[in-house]
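By written order: A, B, C and D. Residues from 1 in each chain.
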C-alpha cells in the first residue's frame, strides 16, 4: 500500500556500497524552543539516516505536534512555518535510513517518531536499532485485533504498550521492551517525561547531555556539540532514564547481560568528531590506519584516502609507513543527484559525478588507496579504474576493517550474505575482482587493539562484531522462524 | 496533533452559511482502470465534500494502493502520475467535508477511505454519515489496547472489525455495524469484494449502477450519469450488498426499522440532476417553489434566485405567482479564494468576490429573493444589503424550506443550536435581522407535499426532518453522555 | 524559445467552442494598498482572460515591482507573500488569454504588464486589443537594433516609445500609438502618472471610476463594483487620460474617427452585471432573447439555456414566447480539469465533466436550447446529443447572435475563417450538422435593435460587427502583407 | 523591480568570508543530447557560482530552447521533464553567483545565458568576468532606445551586437567586444556556430575539449573530465574560436596585450583537480603550503586545514615542516541551510552547523591552522574560537596567499576595500583581531614561485594579482566615472 510517493534521494555513487546505519535519535527536555534544538541535533546526526526525519513536540496548550517528512532535516526543519507548529519545551526527533527492501519507497507513515494515544495520555517514540522478533510479534498482535499502520518494527513496541495493563507509560514501556528482542536505543516522550532506554547489550549508542537546566538525549556526542551542550555520560546498556521536571531517575528494567557495543560505529557509522567510550572516533580511525600499515605494509609513493570515510585511516597509514599523504581523488562538494546519462554513455559517470582523480599527482606513481570497508566491491572497482585511468603505475588497496562477511540484524542495512564480496571470495580473488596490485584488510585483532582493547575475547567478544565474525549476540527469531513462546504466553496471560 | 498543514480552502462567501454534507462515497467493481472511473464519480460528488478526497484501488499484483489528498478531486486525481499508482479493476473513493470543529485543520490522516490489515487480508472503508456513539466506543477500544490514528468516527468501525472473532470480513463488518448507532452509508473493498451497506433507517443515500459487466455504488445518481452508467436501484435501508465476480448478494443484517431518509437532501445537499426515490431533485425544488408561492405570496416586480441553490425554487415561484423571473444577482464563475482585504476595507467584500447585484435590473423594483435555507442569517444580511444598495424598492425573502431550528447529528455540519437563527428568533425578528420587507418560509407540510407525500405523519415522519422538527430518529449517545451498555457487554464477551 | 512551462489550463468543454476575449486591464491611482485593489479588479475581469495575470506597483522607495504568473488571479494574488512585494498607492494589472497559436504555450515573458526602463524613468504597460501592423513594426525595429523579449504585440508599443525623441513618457506614448494600427485600450503607469488610452474607434472598452480620493481605470464596470468604487464615465474613443496627484487631464492625440465599439462585448465577452453605453449587458442579452423569440419562433414545451452564457437570452425568449423556462442542463459548479479518460471510453466525457442533462425534466418534451453563438459547432453537437440521450422529443436551437462568419483581428481569439461553421454552411446545413429539429439565429438588425439602435447603418455601422458582417473598420496590414510606408518614414526621420 | 522571489541559498558559514567567483560557462557542439552534457559540465563548475544556472539548446526543429533557474544545477537539470525541453546537438550553459549588492535578490531575468533575436537569427550568450564600462555603455544605449531587461553587465554586449551594422553574428560580436572593457570569457551559440572568446589579457579561464566528433568549451578542465572528454588546449588570451560543422576557426579580433591571468584561480577559485597553464591546481596549492612553511615557520604539534579549501596547503605545510597533519576540524558533509536560532542563542551556531572541532585530537596541543585567505576576518575569528574552546594550547594561523588588500573588478565578488581586513590592519593587528598566537601570510613572491614563476615582474606582473597588489591591469571606467569617449563616438558614427 503506497500512501505518498517517496522523495528522490541523493545518488551518491561512492556511498552506494556502504553499510547504512538506519537511524539517529535525539530528545530535548526543559529548553525553550526545544524543536529548534532537536532540528539542529538531527542535522548533526544526518549521517545516520538521510531518507526522512520527524520531530514531535509537546506543550500543554497544543498537545503533541508532529511533523514528519521525506528528505533531509535541512529541507524542512529550517522553515519558520514548519517550526511554528512544533512549539514547546520538550521534543524528540528521528532521522531515518530505510531498509534495503523498501529503498526509494519510504512511505511517510514509516517515518518516526511514532505517536499513540493511550488511555493515560499520548506518547511519542523514536527508535534506533532493530527488533529481531518483530514479525512474530506483529502477527500475534494482528490476530488479537491490533491494526498496524506502518511497516516499522517500532510499531510493535507501541502496540505492546497499548495492550499492557500497567497504569503509566514507563511501566508499559518496560512491559513492551522486555518482550522485544534485538538492538534498541529508544527515546520516548509523554506529557511530562523524556525517557531514554538502551537494550541490555547496548548495541546502539545513546548519550546524555545538559545545556543549562535542560537535558538532552542523543545518538552521538557530535550532536551535543552543535548546540553547545555538555556531555554528561553514556546511557548504560540495559538502563532506562526518566527525565522529569524533578530531575533524572535511572532504572534497570532488564536482566543483566555483557555489553556488546557495535564495533562498526568506530569503523564507519559514527561521525569522526564523536566520542564513544572515551575514545574519539577520529583517533580510533587514525589508529586503525597505524595498525593497518603494520599489518599490511606496501612500498608506494603516495597514500590517498578514498574520500571521505577513508581519510583518518589514510593519515594514520601515512604516519606509520612514512609514505607521503596526498589527495589523489578530489571530491565535488556539490553532491549530485542522478543526472541524466546521455545516450552516448559516460564511463563511470556515477563515480565522476562526485569525484575526480587528481591526475597530475597520481600519474606514474604507486598509489595506496585507503578505504573503510568493502561490501559488494562494485564501487571499489570503479574507483580503482578511475585511478588507473589517471595514470597510476600501481594501485594498492588497504581496508580499515576486517572483511565484511555476515549480515547485520541490529539496525544496519546490509545486503544479504551472498552479495557480500568477502563471503564468497578469498582476499586474492577480491584483489583480482577489484583489479588492484595488492589488497590488505585489517585483522579483527588489529581492530580491537585500535579501539583500545588488549585483545579480543573469542568466547565473549567485548563488541558486537557479527558482520566480521558471524557471532551474533542474540538469537534471530524472525530469521530462524522459530516459535516465540515467551511472547505468546505473555499476551495470553497479562496483556489484552 | 497536527501532521500535515491543511489546504487552503475556497472561501465561498455565499456558502458560508450553508449546512454541509460531510461526505460522498463511490465504488467500482469489475471495470478496467476502476480508479479513473472513481475519480470521475467523486468529481460529480464534489458538492458533498470539498476539503479532501481519497481513492483506494486493489490488484492482486500490487495489493491495496491508496492516495489521499487535501483539496478538490480535480487537483490531484487528474494527474497521470497519481492515477498510475492506483491500478486495478476495483476501487473505492471518498470525498470529505470535515466537521465544524476541525474546519481548516483537516489532517491527512482523517481523510478516507481508511485501510486496515486484518489477519484475513486488507480492507478499505469509506463512510458517509455519522456514528452517534463513536466517542463511547472509542474510549472503550483504547482501554483495551486499540490505537486510533485519526479523529474520524469511521475508525471505530475499523477497530470493531479488527476485534471481531468472525472469520471473514463481511461477517466482521456486520458485527461492527450492529454496534454502531447513527447514520451510515458505507462502502468497503476487500481483495475480492465490493460491499455496500446502508443503516436501517437509510438516512444517507446510496445507489447501485451498472456499466457493461461492471458494478457501481454511489451516493447519488448524478455520479452514475458522468460515466455513462445505468441506474439499477437504490440500496435499501438496512441492506448490505456484497458484489463479487459471481454477482451481487443482498443481505439484511439489521433489525427492521421504518425508513427515515434525510429530507434536506432534496432541499439542498443533493445535486439537482440526481434522482431520489423516483423524484428528480430539480423537480422537487421547483415544486417547493410552487408551494412556497402559494403559502407565502407577495406582490412584486421580479423573482430573483440567490444563486445557485435558490434557482429551481425561484423558477417554480415565478411560474406559480406569475411574477417575472430575473437574474438579479450575477455570480462570478471564477470562485474566489480569500483575497487580501485592503486596509481601507471594502464593504461586504466577501459577498462581492462571488456575486454582484445586477443594478440596472433591480433599481426601483420590488424584488422577491428566493433562497434554500437560512442557517445563521449572516450571509442573508449581506445579500439583502447588496440588493438594497443596488436600488431595490422592496426586498422580500422567501425560503424554500422550513426554519432550521435544530442541529443534525447524522453526517451534516450544523452550527450548535444556539447559533441557528430560527432557534432564537421568530420569523418577524428574523425579517428585521436580515432587513427585508417580508420573510416567508415553506411549512413542513408544504415540504412533504413538494417531495410527493400526501401529508407528514407526525408520529412517525416518513423522512428525517430533525433539523426542522427536532424529532431525532435515534438516541444520541455521545451527546447525552449515557452509558453504552450494549457495546460494553459485547466487547467483554465475544470480541477481543 | 520556451522559458517556462505553461500552466495546465482548465479544460472547459462547454467553452471550448467560444470566441475568447484576450485581455482585461485595471489600474488604480492614489489608494493605499493599490495592488490589493488591482487583484480584486482583475478577479472581476477574470472572464476576459484566464491563462495568466500580472500586477506592477510603484513606490518611491522600492521603485517598480512586478509579479506575473500563469494561472488564475486567485491562484497567486491572494497570498500575502506575493502581495507584500507589490507595495504602493499605484498599481496596474492585466489578465490574459493567449492567442490560439500559442495556446497552452504561454511563456511567462508574454504576460503583461510589460515594463521598460527609459532614460526618463520606468513605465509599465498593459494592453487589451490587437495591433494589426505589429509584425511589420517588429521587423523594422529589430533591423534597427531593438531586442524583443516576447511574442506580444504590446512590446512594439514599448520599443516605439524607447525610440521616440520626446522628453516625457506621455508624449512618447502618443508618438508610439499614432504609429500602431488596430484596437487598443492601454493602461500605463509611470513614477507619477496613471495613463489610460482608447484607440480612435473605441473598439475595446475602458471605464473610469473613483473611490474616495482614488482613481480607477477598468475594462468593465463590474470590476468597479467589486471594490465599491463609483462609475464616473467611459474613456472616450480616441481619448488619453493622464491621472496625477493634481487630478485628471484629458487629451485627444488622434485624428477623429467614428466610434466602432465591439458588439460582441454585449453578446458574450462582457459580464452580464457590467454596464456599457448606459445599457446593462444582462438587459441587452434578455432583449436579444425577446428579439430572437420574435424572429425565430417555435412551438415547444420548455426553453432551456445552455449554461451559463445562454441564460439571459433564454429568460427573454421564455418571456416573449410564453414557453416555460427550465434548467434542462445542470452545471457542475466544480469545474473540471482534464480527467483521465478510461480506456473504455466515456461518450461525451468532456461535456459530462461540466454538465448533465436534467433527464426527468426533459424526457418526452420539446426543448428549445438557447446559446449565445456557434463557432465551430463541435460543442453544440455534443450538447444536443446529451439532450437527446436524456429523452427530449424535439430539440430546437436558437442562437442569440447572427452567424459568426469572419475572423476577428482586434483582440479576440477566433479560429481561421474556414473553421467557422457559418462560413461554410447554410443555416439548414448547420441544423443537420448539429442534429437539431430546427435552428434559428438572430438577425444583425435584431441585434442592433436589442442593443438600442433604431437600425444598423450599413455604410457606417455604429459598432464593429466584422465577425458577423466581414466589414473590418481598419486595414489589416499584417494580414495583407502590404508595406508599412508610414512607419518606415517615421522611424527614418524622427525616431532613433 | 522584482520579478521572481529569490531562492533560499545555502548558508555556508565557513564560506561566508570567501571571495566569490561569479560564473562558470560551458558549451557543447556536435554531440547528441548536448544539454545533458552541459548539465554535467555545469555541475562540475558549480563551485564557480551557486545561485542560479541556465542552459540554452538549439535544434532546427524547435529553435532555441531555454531553461533558467535559481538554485543548484542538480536541483533542476536532473529532471527528465526539464531536459526534454532542451533537445539538440548544441547547447551552452552558465552557472552564476550574483554580485554582493543583489545577493539573495537574484532575479530570474539576470540568469544567463541571455538570448536575443537579431535580424539574422537568434544568439545565446554566457559570460564569465566583468565589464568595467558597463554602466557607461548602458546609459548611452538607453538614451538611444535600447530597453534593458536585466541588471546583468552581459546585456550590454547583447545590445551592442543588436546595434552593430555587421551582417553576421561573429562580426557583430567582434564589434561589441571591442567596445567593452574588463575581463570576459564569453561563450555564444547561433543556429550553426559555437563561439568562444577570451579577453585580450585572458583574466578568466576558458579551455577547449573534444569528445569523439564533438567540441566542448569550458571554464575549467575538471568539467571535461566529468564527461570523459579530452583536454585539447586553452583558448588563448584575445582569441576567438568559431566552431561549426566544418571545424574550428581561430581569430584574433583584438589588439595584442600581455596576458594577466587571475592568480586567485590557483589560490581558491578553481577546483583542485583542474589543470591551468599545465600546472595542477592541487599541486599549486600544495606547493603554496611548502613555500608558506618556509616563509612563516612555527613550532607546533599539529597542522590542521580549515576545510576544505585549506587542505592541500596544509598537506604541503606538514610535509615541509615535518609537523604531523591532522583533521582538527571535522566538516558535516550535510551542508546546512540557515536553521532557526533558538532564542537561547547558540554560540557560533553558524560555524557549528557545518563544522565541529575534533576536541580529543586538539586538546592541549599547539595547532597550526592553514586557510587559503582572509577577507573580512569574521569567520576566522569564529574558527579560532572554536579551536580554542576545544582546548588547543596555542593556535597559529597560516594563510596560503598574501593579504587581500584591494577589490576585484573582474568578475569576483569582493567586499568594498574598507571591509577587507588587510586593507586596514597590520598583520599584528589582524592576529589580535582573530585572536591567534601567531599569524603568517604567504608573500606575493612566494605565491609566484609556487605557481611556477622564477619571480614576479613588478613592472608587468605575469598575473592579475590586483587583489593583493592593487595593480589593476585596465582602467576602471565605471568606478572612476570618467567619460567613455571611445564608446560614444562609435555609437554616434557606425552603430544605430
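In this section, a contact is a pair of C-beta atoms (placed from the backbone, for glycine too) under 8 Å apart; a residue touches a chain by one contact, two chains touch by 3 or more.
Since the model is a prediction, treat every value here as computed from it, not as a measurement.
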Original post:
Using direct touches as single steps, what is the fewest number of steps from chain A over to chain C?
Top reply: 2
Original post:
Measuring centre to centre, with centres taken as mean CA positions, what chain is farthest from chain B?
Top reply: D
**OP:** Quick one: report the Å distance separating chain B from chain C, using the average Cα coordinate of each chain.
**Re:** 38
Subject >> Length of the line joining the C-alpha centres of chain B and chain D, rounded to whole Å >> reply: 62
**OP:** Give, as an integer number of Å, the spacing between the C-alpha centres of chain D and chain C.
**Re:** 50
**OP:** Would you mind writing out the residues of chain D in touch with chain A in their complex?
**Re:** 31-33, 36-37, 39-40, 43-44, 46-47, 50, 72-74, 77-78, 80, 83, 212, 222, 225-228, 271-273, 275, 279-280, 282-283, 286, 308, 311-312, 315, 318-319, 324-327, 330, 332-344, 346-347, 349, 352-353, 356-361
**OP:** Quick one: which bits of chain A touch chain B in the complex? Just the residue numbers, please.
**Re:** 1-3, 5, 63-68, 81, 85, 115-119, 122, 139, 142-149, 158-159, 162-163, 495-496
